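One chain, chain A, links the two complexes that follow: it is found with chain B in the first and with chain C in the second.
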Partner chain A sequence: MAALVPPPVSPAAAEAIKPEKVDYMDLPTPIPYEEIHREALMSLKPEHFEGMRVDFTKGLNQRFSLSHSIIMGPTEIPSQSAETIKIPTAHYEFGANFIDPKLMLFGRVLTDGRVNARVKCDLSENLSMKANAQLTSEPHMSHGMVNFDYKGTDYRAQFQLGNGALLGASYIQSVTPNLSLGGEVFWAGQHRKSGLGYAARYNTDKMVAAGQVASTGMVALSYVQKVSEKVSLASDLMYNYMSRDVTASFGYDYILRQCRLRGKIDSNGCTSAFLEERLNMGLNFILSAEIDHMKKDYKFGFGLTVGE
Partner chain B sequence: MAAKKSSSEGVLSRVSSTISESPIVYRGKRAASDAGFVAKKLLKSTGKAAWIAGTTFLILVVPLIIEMDREAQLNELELQQASLLGTPAVGVPQKYGSNGVKFKQKQNERKQQQHQLV
Partner chain C sequence: MSSKVVLKGKGKSTKGSKPSVDNSTSKLFKEWSTWTIKKAKVITHYGFIPLIIVIGMNSDPKPSISQLLSPV
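Moving on to the complex of A and B:
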């Protein structure tokens, strides 16, 4: 945080300590617009899964690594009735990553015919480009998106282009060292919909509060408090004013030396936990549990992550 | 004798029917059935609440207790080792602390990478 510190005050005049002056010309760069809820998302929404998952990452080079992943378990099929229909599936995913300070490439191929690709490239010091694409064997389900980000001294601007005539732009500006405000606008050509959104984020060393409103009817507020170095608590409220749907959730995130444990309880009667435990160097054991009391749906998963 | 019998039967049956059809007994029976109904509902809802509370506690709190216990054990072990080897206590937590920070940093880096590329 940039601030002009006043010259040291003599002990005699200790009662008149001036507050630190804020230099408005030297504010920090804000968080990117899509990561405004980053802390809350990291704490409240880990990747729950059902079944068994084994990930193996092998580095061939300093920059290049391959990853093999096996996932076996029931997957939910969206159904019209209130019951959840699960079908056991199993697949293997092969991936390659190339990580360079200026260029990052990620590719994944799955046995059910899906191909994922992600590119992140720094075109210049301030301008960077991200692209991601997903190809599937089902017709009309493939999509791709390109983002161009420009990072200024105390602002960020982003332009987004996707298939199906999806256009989006967002801008976020640091207003004070703690507060940043931003807005976004998007247009979806295929569905002929356009939308506007605003976001604000206030963070100090101990807490982060973020709010986002969109004209699609979504209001999302989140608050994360860092209770100590190892523990942080997060809460989140999502309200859709078009469909009058409210969801509130509370969670904790314990980052201990040997493990990371995240637990969450929801106003939809859903409680979940996610544990990543370090068994050995490069060997992580993952447990995921999700209980939905309303729908009586129970999902438990375990897995292993091998590799750095 | 028949008349005596019938009259005695008549008296008995009349007395018992008076008792069984009296308003007090009727109200008592209704109260008992209501109480039984309420007790059954209460038991069921207590059972449901206990189930929900129990499973939620099991998912949210038990792993936390286990992990905190392990952390406390690890701390104790370190303290013991520090006092055994004679190294100052300040040095050892830093070393393991940096491991923990590395774990957390790696986690954060991985998550950041995943989020950045969404």
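Moving on to the complex of A and C:
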């Protein structure tokens, strides 16, 4: 009798073994074109800083909050020679955020008068507008950009307009539930340059592989493997076929209960690490280190973030 | 000598006035759009953060002014 009854585990196992039939008319929406390397960028490029940084965010409302930041440390200025020149600076930055499901406003003003503004607005269910501007008191040093995004059932299209006659458009389409392909085209009026690019992204639950080629000579490939819930490893290759410049980097990302630790090592001889530790509810401690052996540039920073 | 220079100058101005009628609308449009963009940049530079604060203070539940100004 026992032999006649099939073991209960086999129907479930059979379902898991048999691949699900793909419904090509019902593919998931792909991620936006500019975020194609999102997982790799999150793991490999945290916001390193040098010096001390204290951020205090005060929420007045569920949607409205003010933030005060103090940043003290050496800032690099671009220099002609191979050495890096750093000037010690200190700023206070005041910011206001308003976050609503349909409208997000983000503004930051520094002590030297620079304003950093971001707006994200959902004009309709599928169409959204994002605008980004960095405004300074100096003439001709301000930048602004506006993006219009349209999200379709299994595609996304974006149109970009920036100052200095910058126009761009991109399109990305889901081809299978795991693979999405996209392309972009841009034109920079001030520099009289135009470019074309293609990108592909393959992701499963455990890994993400993305590749991007552009006519400006850039080839970027990235691979992120999620080893477990807490650990993921990422690697990245950037190759410029015009200037024959190659950079490869490999990094890890540990997301633990109380902290998040990210580290990477580069083929340019640069190793870096970034630690965010949650000391208490609403109190985070940040440590950042970036050691560049080739350029002999050592950057260490520490900071505290108070508030949600 | 000086009178010759004056005549030359006058001649240039009369020549210039004829074709300017045709592209005056495009020139006007360019000048007007440059003026608007400059004004919009100044307005955004000074007014964006006050705008966020006004929108935030009017959203509900309404926070009070003391909450806005106090450091805690």
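Keep this in mind: the second predicted complex is superposed on the first by the 290 of 308 C-alpha atoms of A that agree within 3 Å, B and C clash if a C-alpha of one lies under 4 Å from a C-alpha of the other, contacts with A are read in each partner's own complex, and residues count from 1 in each chain.
Quick note on the criterion: contacts are C-beta pairs under 8 Å (C-beta built on N, C-alpha and C of every residue); 3 or more make two chains touch, one makes a residue touch a chain.
Since the model is a prediction, treat every value here as computed from it, not as a measurement.
After overlaying the two complexes on the shared chain, residue contacts for A:Gly263 are found with chain B alone; chain C is out of touch. Once the two structures are overlaid, the count of chain A residues touched is higher for B than for its counterpart among chain B and chain C. Judged by the touch definition given at the top, the superposed model places A:Glu34 against chain B, while chain C stays out of reach. When the two complexes are overlaid on their common chain A, residue A:Thr57 makes contact with neither chain B nor chain C.
Contacts of A:Gln173 after superposition on the shared chain: neither chain B nor chain C is touched. Of the two partner chains, chain C is the only one that A:Val109 touches; chain B does not reach it. Contacts of A:Lys120 after superposition on the shared chain: chain B is touched, whereas chain C is not. By the touch criterion defined above, A:Asn132 reaches chain B but does not reach chain C.
Shared interface residues of chain A, touching chain B in one complex and chain C in the other, are 106. On the chain B side of its complex with chain A, the touching residues are 52, 55-56, 59-60, 63-64, 67-68, 70-71, 74, 96-97, 99-100, 103-104, 106-108, 111-113, 115-118. Those residues of chain A lying in contact with chain B across their complex are 32, 34-35, 38, 41-42, 104, 106, 118, 120, 130, 132, 252, 254-261, 263, 265, 271-273, 275-278, 287, 289, 291, 293, 308. Interface residues of chain C, counted against chain A in their complex, comprise 41, 44-45, 48-49, 51-53, 55-57, 59, 61-63, 67-68, 72. On chain A, the positions that touch chain C within their shared complex are 58, 60-64, 66, 94-98, 100, 105-107, 109, 115, 117, 133, 135, 137, 142, 144.
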